[in-house]
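Taking it in order: structure first as structure tokens, then the write-up.
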Amino acid sequence: MPMTGEDYRESLQDGRVIYYDGKRIDDVTIHPKTRSMVDIVASTYDSEDQERREGRFSLPRSVEELRLKMDDFIQWDDLLAASILGFLTLRTVSHRMADDMQIYRQRMADWNKHCKDDNIRLTICLTDAKGDRAVRPSRQADPDSYLRVVDQTPDGIVINGAKLHATGAAISHELLVFPTKRMSSEESQWAVACAVPVNSPGLTILNAVPGPHHEEFENHPFSRHHIYPEGFAVFDHVFVPNERVFLNGEVEHSATFPHSLGLWQRIGGSAKMAEEADMLVGLAHLLAEENGLGRIPHIKDKLAEMILHATMVRAALEAAISNAEFTDEGYATPSELYTNAAKYYGSTNLSRMLNHIHDIAGGSVLTVPLSGDLDNPEIAPYLEKYMSTKPEGNGAYRTKLMQSARDITASGYAGTWQVRVLLGGGGLYAQKLVASHHYDVNRAKALALEATGLGAFNGTS
Amino acid sequence: MPMTGEDYRESLQDGRVIYYDGKRIDDVTIHPKTRSMVDIVASTYDSEDQERREGRFSLPRSVEELRLKMDDFIQWDDLLAASILGFLTLRTVSHRMADDMQIYRQRMADWNKHCKDDNIRLTICLTDAKGDRAVRPSRQADPDSYLRVVDQTPDGIVINGAKLHATGAAISHELLVFPTKRMSSEESQWAVACAVPVNSPGLTILNAVPGPHHEEFENHPFSRHHIYPEGFAVFDHVFVPNERVFLNGEVEHSATFPHSLGLWQRIGGSAKMAEEADMLVGLAHLLAEENGLGRIPHIKDKLAEMILHATMVRAALEAAISNAEFTDEGYATPSELYTNAAKYYGSTNLSRMLNHIHDIAGGSVLTVPLSGDLDNPEIAPYLEKYMSTKPEGNGAYRTKLMQSARDITASGYAGTWQVRVLLGGGGLYAQKLVASHHYDVNRAKALALEATGLGAFNGTS
Amino acid sequence: MPMTGEDYRESLQDGRVIYYDGKRIDDVTIHPKTRSMVDIVASTYDSEDQERREGRFSLPRSVEELRLKMDDFIQWDDLLAASILGFLTLRTVSHRMADDMQIYRQRMADWNKHCKDDNIRLTICLTDAKGDRAVRPSRQADPDSYLRVVDQTPDGIVINGAKLHATGAAISHELLVFPTKRMSSEESQWAVACAVPVNSPGLTILNAVPGPHHEEFENHPFSRHHIYPEGFAVFDHVFVPNERVFLNGEVEHSATFPHSLGLWQRIGGSAKMAEEADMLVGLAHLLAEENGLGRIPHIKDKLAEMILHATMVRAALEAAISNAEFTDEGYATPSELYTNAAKYYGSTNLSRMLNHIHDIAGGSVLTVPLSGDLDNPEIAPYLEKYMSTKPEGNGAYRTKLMQSARDITASGYAGTWQVRVLLGGGGLYAQKLVASHHYDVNRAKALALEATGLGAFNGTS
Amino acid sequence: MPMTGEDYRESLQDGRVIYYDGKRIDDVTIHPKTRSMVDIVASTYDSEDQERREGRFSLPRSVEELRLKMDDFIQWDDLLAASILGFLTLRTVSHRMADDMQIYRQRMADWNKHCKDDNIRLTICLTDAKGDRAVRPSRQADPDSYLRVVDQTPDGIVINGAKLHATGAAISHELLVFPTKRMSSEESQWAVACAVPVNSPGLTILNAVPGPHHEEFENHPFSRHHIYPEGFAVFDHVFVPNERVFLNGEVEHSATFPHSLGLWQRIGGSAKMAEEADMLVGLAHLLAEENGLGRIPHIKDKLAEMILHATMVRAALEAAISNAEFTDEGYATPSELYTNAAKYYGSTNLSRMLNHIHDIAGGSVLTVPLSGDLDNPEIAPYLEKYMSTKPEGNGAYRTKLMQSARDITASGYAGTWQVRVLLGGGGLYAQKLVASHHYDVNRAKALALEATGLGAFNGTS
């Protein structure tokens, strides 16, 4: 029988060690900092359709299936998206691993079956503490700066380290731990991948919760649905049984994990970015209309710029999908070149789009009163009277629209959003590198040589 | 005897009608949403030096005095800055008014003396509800869409309307009410300026408080000092005695108020922007150093871009000061051209600078754990261990620095800041207009005609 | 028998009235300002393959055929591209015209057959003189400000006016004259479309030739192949026989011509822009390599930015093709939304890409000596010695590369290119308008309403 | 008796070895590629005023004198500006040299007197061939890759090498040769500075001439006055007598020359850039007016952006002057910080400003007919008729204005200008470095530490 929302709640009351601001959270399903997201995730269990659930776990085999996968992606909440990402990543890793890694491939297959059958939620743990950025993992003053195997038993491994950006860990079932980058031959103890149940002894999760304070949910109609606890996961001699260990010392496969993840993460991020850009265009138009500014030239100009931005993000997403590459096994993966370009372009311009919304909304995006004011019959008429811009009276509606615009574009959520978009998948610098790597420089040089008449391109890059 | 912090607190317990989220705040000095700012303002009363206090109220008479005034500006909290702005604005208005306005000039002088002697705090109220943006004040469906005189007695006037962006009104002594723009000859009832004590019957102030929630102050080391309540001030048949009325129907002077205010507001804003840009440069350097990234080329490049940004904002501020214009009475006022250019340039690029800080800080700017975690001796060692990037151990310090960076650049404060910087003084479009108006287009045309050899410029613009 | 290069030359010696800098050009095949382009066009006649020639004249019926058409496009010289554009435009116009325009549709079909059979070259004439921009065609002080029918005979019409941007007119066979925009009902005399042989009596073509001076061809290895004379075509009582008249007064179809043209023109322009962006990436890499700068961080950063630029232009082109729209007759036309976004994005950033090349090339892109110096055995060794950056000696090669870079990025050609890219198809403002018109604003609003929880979108835009 | 224009012409007929495109120029005063600039320089000799001439050679001693010096700068032609730059640079070098360099200081003083008394024109030679960019001067495969002393006699030195960007060398009197950068202790033979008459045996100057071809001067009303030959100066065993040698092996002073030059070059460049930005604003307004577009919103927006650009460049120039630093001897030198910021900002945005002009001008900026057409009475009426946009007839004037706009913004001159502005004084990267070096990072950090409450700044950078 599939897990229900109630099952999900119960499954989180498992002894996990969760902290918020220095205090232990005994039960994440009732603590004010986590319960709202537990409610949202629980509701996804209750509402989901069996057939669609099955569909999630398939790898696309055509451009069309890849496009549908992206459509699904933007419907999922972040925790479900991460879970499917983890699932797809392990399948991709398995395809990329050599045959002599058969034992890991079997374990991954088994564990993936568990994920699917039990419909669990995962958090992917990639980024290590890293210590001194100029020093390799094996040379750090503290060897735990990168997560590593500190002991080994016949039944499993013991790991130490910290993973810094574990979004939603406090309300997940398992952590999927990957090496953060390629390890060199002398770094086998850092070449470790595994799945770790959140209530494993020795695992402690500290949390930052960047959404609105729970007492202020009413005034955050959008962001209150997007307050995943950001986990700082500390592994202090955590034992992982063999069947959950997917890499243990084979350094040549250490980079396979982050690379496979990156592929799905960036295309998923781009799909979301395209959808969000369209949403912002819509928000800007609603604001312009309620403000009665739709015909002011500089407002029209900003609306058009936002449309062009959204269109360019979507164009790159479209190109990434329609130029999909196919693996030997026949699976469609998005074009790295276009995916990274989409990510770079979209994240470079998001702040400017938010500024456009501020300019279109005007100062009320900051100063508009609160939802409780609309509920108080003594003062609500003031808002209706003074927030109206149309003879038929749109004061209450415009008040709510401004509250939403504040919540989406000028709140802590907006800051969080911009950081995520900028740094998710590795920062602008990483996208530049990857895009450059996948661009056909030789074809470009051949075009230039033809233009200059300096002779045919000699084929070296 | 000058007002003390304690006097200030008492003065706020005066029956004022203040709402937050639909509920009446009985005492702003103890309510969790307002008390922290009351504490900060009270502290400015206790710490201030008599001589400096006197100095605030002088208009500068030289470039050097103007420069010193700007230095003062950036030291003041926003409520004190607004109070002095209001004072200086009324003095400028008085200079600009014709002699037949002698009665208003006298009232302003008297009231200014009261401000200075009693050292009160003011909130300037400019922006009206405005109703339909395409329709003049006198043609609105609701005539109160712009604040106006609805009745007149021998002793004073009765006003109706709303002022939408009254920052700090809930904790000020008086509101200084100005017309929002030039009124035409048939709009005399909307040509009204006056000072209104906050506890006047009929005055209701709704509040939005864009800072962090009071339970989370510890995790907002910067922004907890900057959470002025944003007031939405409703005037419902408020009586204003004659001695506080500074304009009543003389439409030809309606624009004198916003123009005089704009002058001081924009230069003050530019001075603050220059200082803030320098602060961001400093923050970026601290982060780069603690992250050990100071020598990475793309980080150095971002640091240099931030320096160039800060330098250009300051250059425009410097040019605005050193090209001061002098009034007939010999007072130095900043160059409108350079002031508006500073404002435009600075606000256009702020978001990009914040993005640079995110890129330099990395993902921990979002996910770094909280201050309570540092206080818990069981888990603090994890932070010291895993947040350190240097052999000597900088984990706790780096944790705090990241918390500050999150608070300054990715919190609700950051959103509020960007909106303020963008829209304060009227939006980018307004700065473009004013700068264009003050630029010497004829000199430019003469240069172009000389370059093209098309003959001397004929002097018409 | 198909036309040969020699036939083409002869066909231009037909009495046409061509001026350059105030002097009549008697024979465009030998005049120094036109002969080089005549040679290039003639060579396209000699080299062309019969089968490919047939293929040009087909309208694409699938995404794949549309893609192939774009591939062809970027191979053609501008005059051939314009000829095919004119052909495709008339076919599109014909599809869009109502059945009662059967007579025009037949004439267009006949004339198109002539174009195809005789393989002639066309120049499309769109932009009128326009006179006072604030006044409609019918209200101009000079009614000829927009080209119009001034007389009518049983056999044809007589037209007056000027078409200002007739690229290549001096070396074309016929001018294809279109109305520049929608005409209103009282403007039937301005609703005229027709084909006009270049040697028609009354037709005078003034020329600007923006390429390098013919004595300096050797130093312009790229641009000497791209110096189409820009024609300013004056129609002074030119008679056009009925069989060449494609619109004469039916104002409701006046806009069909420019709209149909715009569709093909912008997608062709975008295809070319994508290819040129790749060429610039190649040129930048060649320069970085010869300068030995390929590993300098700020150079790598500029190369990566150029790659991202080229990738985004191509992404938008790809999206325009893969999201083709189909006419009722089953012909594939590129997506207007993505086409206009490509055009806007590409042209906005071209100058910046050229600046990147300058920064990568260094000062020699301006000061490198000339090709004659390389030919002079006394001084060539100096260039080999001092332009070399590699032990094996790359001085002569690097000299030539710098000469090409100067020619492509810092010459009159570069200026011409930037203007064309910016203004071809109507300027950035036009692209903003068209893109906004084709973007699905309602879907965007629905997304925003869902995000804000403000209820379902009510369907009005 | 001061040199006259005629004297100047004669002085150039001195046996100098000048090449253009592989051919020797026997007499630069009559060769078509050089005579026009000779004429212009000669005219500056004839027109100049004795008193102003004296004034040029003074170093400023106050902010006010520095401002006047900048005003002079923008009046001078480039050759005169370079001459004065060279003069001022040597004086600055002399101040910075230690006392034990007395012999060089005396030689510089003597030679400076000769420059002043004989009123000669100089070309500054800085940039060497450089060979492999990754290798130091002393390790180059070809030791002449940086200019060096190859022999020494009792009377002087013999030098070998090439200087690549010697603007105007062909029509100057002497070359002022500086080391291009700091030399290390083993690089004494490359630490050489001297003055070399252009007709010295062994000196060969190859030329690129980036202006319009001389047959097309009439159509280049602006750029025909700005076609300085770009010299590629080859020193092949050139003897320099001792009295013209200003450095010979003292490596510790090698960087003093380029640094002193850079100071004056960048402020001069910024002054010119500010003036040119104003000129472009003027040109844009003239075009908007003649096109009748002055009230179109997107045109007004572009005009305002151009004004803001020009204002920001000038603000930085103003700040550089008003924040002048004073040498020990009491001479005013511009602020390096603001000067470099001006240079960076101005050159980053020039291309965009030219694009704005193209958008305002419209396609005629490319296609407008030529000056000869206006002179031909048969076709000139066509231009008057069809280029007019006003009832009173502005066709001929608008034709000329478009020709000028084409010449200034879309010609080879425009390309040359953009390269100069970008790379003059070392490229954007160099400005970033220098500005960062002169910015007070410690003050910025102190501000950030105060904002974060993380304690006082400890004073280390």
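When the chains are written out, they are named A, B, C and D in that same order, and each has its own residue count from 1.
As a convention for this text, a contact is a pair of C-beta atoms (placed from the backbone, for glycine too) under 8 Å apart; a residue touches a chain by one contact, two chains touch by 3 or more.
As the structure is a computational prediction, the values presented were derived from the model and not from experiment.
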Labels of chains that are neighbours to chain C and to chain D: A, B
Most distant chain from chain A, judged by the mean position of its C-alpha atoms: D
B-C against A-C, pair bridged by the larger set of C-beta contacts: A-C
Distance from chain C to chain B - Cα centre to Cα centre, in angstrom: 51
Inter-chain centre distance, chain A versus chain C - centres from mean C-alpha coordinates, in Å: 43
Residue numbers of chain B (touch at least two other chains): 298, 301
Chain C-facing residues of chain B, complex: 297-298, 301
Residues of chain D defined as touching chain C within the complex: 19-23, 127, 129-134, 141-142, 144-145, 162, 164-165, 167, 204, 206-208, 210, 212-213, 215-216, 218-219, 230-232, 234, 236, 291-293, 298, 351-352, 354-355, 358-359, 362-376, 379, 382-383, 385-391, 406, 409-412, 414-416, 418-420, 422-423, 427-429
List of chain B residues in touch with chain D within their complex: 221-222, 275, 278-283, 285-286, 300-301, 303-305, 307-308, 310-312, 314-316, 318-320, 322-323, 337-338, 341-342, 344-345, 397, 400-401, 404, 408, 431-433, 435-436, 439, 441, 443-449, 451-454
